[in-house]
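Worksheet: the structure to be examined is printed underneath.
Chain nomenclature is as follows: A, B and C, assigned in order of appearance, with residue numbering initiated at 1 for each chain independently.
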Amino acid sequence: MSTPQTPLPQQAAPPSWESGYTSPIPVVRAHLGHAIVSEWTKIRSVRSTVWTLGIYMLIVLGMGALIAWAIVRVPSEFHGSENPLAFGFFGLLVGSVCIITLGVLTVASEYGTGMIRTTMTACPSRIRVLAAKAVVFFLVAFTTTLFSAGLVALVHTALLDGTGARQPTGEEWLRGTLGISLYLAMLGLLSLAVGAILRHSAGAITLMIGVVLAPLVLAAFMQVESLEKLRDALFDYSIPSQMAVFYANTGATLRDSGPSGWDSLWIILGMTAAAFAVACVLLQKRDV
Amino acid sequence: MTTQIIRSEWTKIRSVASTVWTLSLALVVTVALGMLVSALTRHGFENMREQDRLSFDPTYISFAGMGLGQLAMIVFGVLVVTNEYSTGMIRTSLAAVPQRGVFLASKVAVATALALVVGMVTSFLAFFLGQALLGSLGTSLGEEGVLRAVIGGGLYMALIAMFSMGIAAMLRSPMLSLGILMPFFFLISGILGAVPATKKFGQFLPDQAGSRIMQVVIPAGDDTPYGPWGGLGIMALWVIAALAGGYLLLRKRDA
Amino acid sequence: MIEAVGLTKRYGDKLAVDNLSFQVRPGAVTGFLGPNGSGKSTTMRMILGLDNPTAGTVTICGRPYRELPNAPRQVGALLDAKAVHGGRSARNHLLCLAQLSGIPARRVDEVLGVVGLHDVAKKRSRGFSLGMGQRLGIAAALLGDPQVLLFDEPVNGLDPEGILWVRNLMKSLAAEGRTVFVSSHLMSEMALTADHLIVIGRGRLLADMSVKDFIAANSAGFARVRTPDTEPQQREKLTSVLTEAGAHVLPEQDGALRVTGLPLPRISDLAHEAGVRLWELSPHQASLEEAYMRMTQEAVDYRSTADQKAGLMQPLPPGAEPPLPVPGQGQPGWYVPPPPQRDERASAPDTAQSSGTSGRPAAPAEQPSAPVAASAADPADSAPSEDAR
């Protein structure tokens, strides 16, 4: 038997916390910065996230290129008084599915694989883990969107320059690049929070796509006039229309109703904040 | 032998939580949204524009929820297949049933049968409840084309699930499958079907062609080159292609 | 130092852990034993702050886990080797955990070397075997060079060499003065590794004592006594004499008697006084595994039933008879020690009542063991078999 020959002194001694082993590696107090570095390692070391981002950029740039090609072929179709940046919208609309997926996967994939237990053991402050994920995801989503949307916008305005279309104003530039990038990154954060609430990747992605689409599907069937107000509201406040607001002509809104200017950003900010509040409460309360 | 495999697949499918979740969501969402839109429509029919009244399709109105309900059906189809891979169950399954064709066929058969039952229930429920709420505007199963549309609604849901199963069998990953199917059905297909330049191609996509069967009143100026059953046939061809692709890959690949 | 006080966890209406109190001290390997489903993992998860206890508290170095300033530097844990993202390489997995608590990246390469995974550090962990996954989990636990280590079933899936390695690793960690808390459902493994044992069953504390005391208290030895087969009345006589003297006597299948509660010389004396001849009088020591089985037997959740193979049996053709048991099996052997497995079952439930269910909550390790069991396990009895014929 492996019972030690000498009686263990610790068993007789009164409990003392300091007894035992001390590591030679200096102990630092863990903080949010550490968690952010760790989450950055996580996000770049898994193929699925890298792929999702790659596909996202491919969609945005690809659809941008497709439209650019159309501009070159038939320039007459494109020079209205419309905001010339608006053609970037389609790529981002389709690409938003990638951002939603990435946001959900950032949290929910850890639940799917069980990695969350390892993470939460290594960092018992659950809010810190969620915050670090949010920060890293936001920065990644924001810079990727800003880069691709900016590139597409530059190419489109350059191509349209010769056709007699008007040049976008500074305000339009700001909304069509910075604004839409912030909006998509926030949409991703909302998905991240939903992923943390549902803890199931497929479920959370489905729910988010439902949130994006449900108002449009509903509105499409409301053909009666008395419901026009409701239908318009559903249209105006659906996520795709909120995205389109960033490409609206300055000052001139098509309808008096609906969000305009930077309203969309405040709306999604409110939704995301609410979702994060719920996620934080649940995270603290639930067993991992 | 085959009956045993089918029985085993039935046990697998009913013991997974996602089956219950997705199927019941498909039913509830479709029926509830259909009822909501039907009730709202009845409320404001008098104010409807004349040309809208002419092409008013009470059957199609009660299927308003189908667009979102099929979302859950897609998730059902994807998860039924990919659950095997994400849990590693596939190795156990293929060790028990080495004939991969039989394995896939049984899985698809059982899941489709279930999806068909749920789809039919959903379709009839959505129809009857929708018509009840439409009141005097409603139609009945006896009218021409209505029974076909309602049965077609159930078939459509089952075919959507089958198509997803085929794609999922090819891709094996739930995230990848959903990441491709969802944007495909909800954005790409919609955009291609709406933009005039691509409409010719877009109307041959599975959901565009398949949903034709649920329409009873054809809107004026419609120039779709296929009828209701023709559309469903086009959708069935897509499904066969997806399943064949899934089978070929399953046979070739290491589990 | 881990200290649990009144720890309770309820899932729905199932009480997974029931008012558990114990201390795990530094400088020793403490084994955490219990059958499957007895609440070991739940307790581990509560220690690590993953599950919130329904009642009670558990602290590490005086603080709840979630309030430790830098938990991985104080506590390392292997909970579930599968709890990794399979798409990430072993090195990156450890790197992101290291960064989470500000551990320098070179420490990652160190622990990869310690567990012997440096050759596959760049490989995705999805392709790892069970044993490699276990090694990766151990590497993650060692990453912070912590003073408290928790291992949940660390030898699962390891090859014999790996098991030996884990055993030595845990002993050396404890020798450095760390607190090492290892759960297992295998008594035989714990007997080789642990210095101290905490045994639970159905979420309740069954024993908390050193391995030595556990053996002394629970592996009650017995004497095998055989009277001449030709004279059954001698056997009855001896039985009554021994019972009168306070022994517990159980007949065995082959006609021998299993006697507990009396030392061997006393049995011999009593037989002599009664004029009963003995053909055999031999000491037997129940193994630790047996003692543990006996202790936890009533606290087993998942008990196997005999494989009836009912669904596979072909119906017997009319007129056919079911196969007869092979003759010769289970016949009394002549003077050969009985097959160890068969006869335990007869006595086990009985003995469990006397020694197992007393459930000493947090008994001090030095407490002398129960008198009956102690006398039976007296070293004098373990002397080489003496024939008192």
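One rule holds for everything that comes next: a residue touches a chain if its C-beta (ideal position, glycine included) is under 8 Å from a C-beta of that chain, and two chains touch if they have at least 3 such contacts.
If you want to know which protein each chain is, UniProt gives these names: B = ABC transporter permease subunit; C = ATP-binding cassette domain-containing protein.
Given the structure is predicted, the values throughout are model-derived calculations rather than measurements.
Taken pairwise by the contact criterion, the protein chains link up end to end in a single open path, with no chain closing the loop. Highest C-beta contact pair count among chain pairs: A-C. Put simply, the C-alpha centre of chain A and that of chain B have 29 angstrom between them.
One inter-chain figure worth recording: chain A and chain C are separated by 50 Å, centre to centre, where each centre is the mean of the chain's CA atoms. Chain centres here are Cα averages; for chain B and chain C they lie 54 Å apart. Under the contact definition stated at the top, not a single residue of chain B touches 2 or more other chains.
Multi-chain contact residues, meaning those touching two or more other chains, occur in chain A at positions 48, 109. Multi-chain contact residues of chain C (touching two or more other chains) are absent. Considering their complex, residues 1-4, 8-12, 15-17, 19-25, 27-30, 34-35, 37-39, 41-42, 45-48, 109-110, 113-125, 285, 287-288 of chain A touch chain C.
Of all residues in chain A, those touching chain B in their complex are 48, 52, 55, 90, 93-94, 97-98, 101, 105, 109, 112, 201-203, 205-206, 209-210, 213-214, 217-218, 220-227, 230.
Across the complex, chain B meets chain A through its residues 18, 21, 33, 36-37, 40-41, 43-45, 47-49, 52, 56, 61, 64-65, 67-68, 71-72, 75, 78-79, 86, 174-175, 178-179, 182-183, 186-188, 191.
Interface residues of chain C facing chain A in the complex, by the touch rule stated above, are 1, 3, 23, 25-28, 45, 48-52, 61-62, 65-73, 77, 79-80, 82-89, 92-93, 95-104, 107, 140, 144-147, 171, 176-179, 191-196, 210-212, 215, 365-366.
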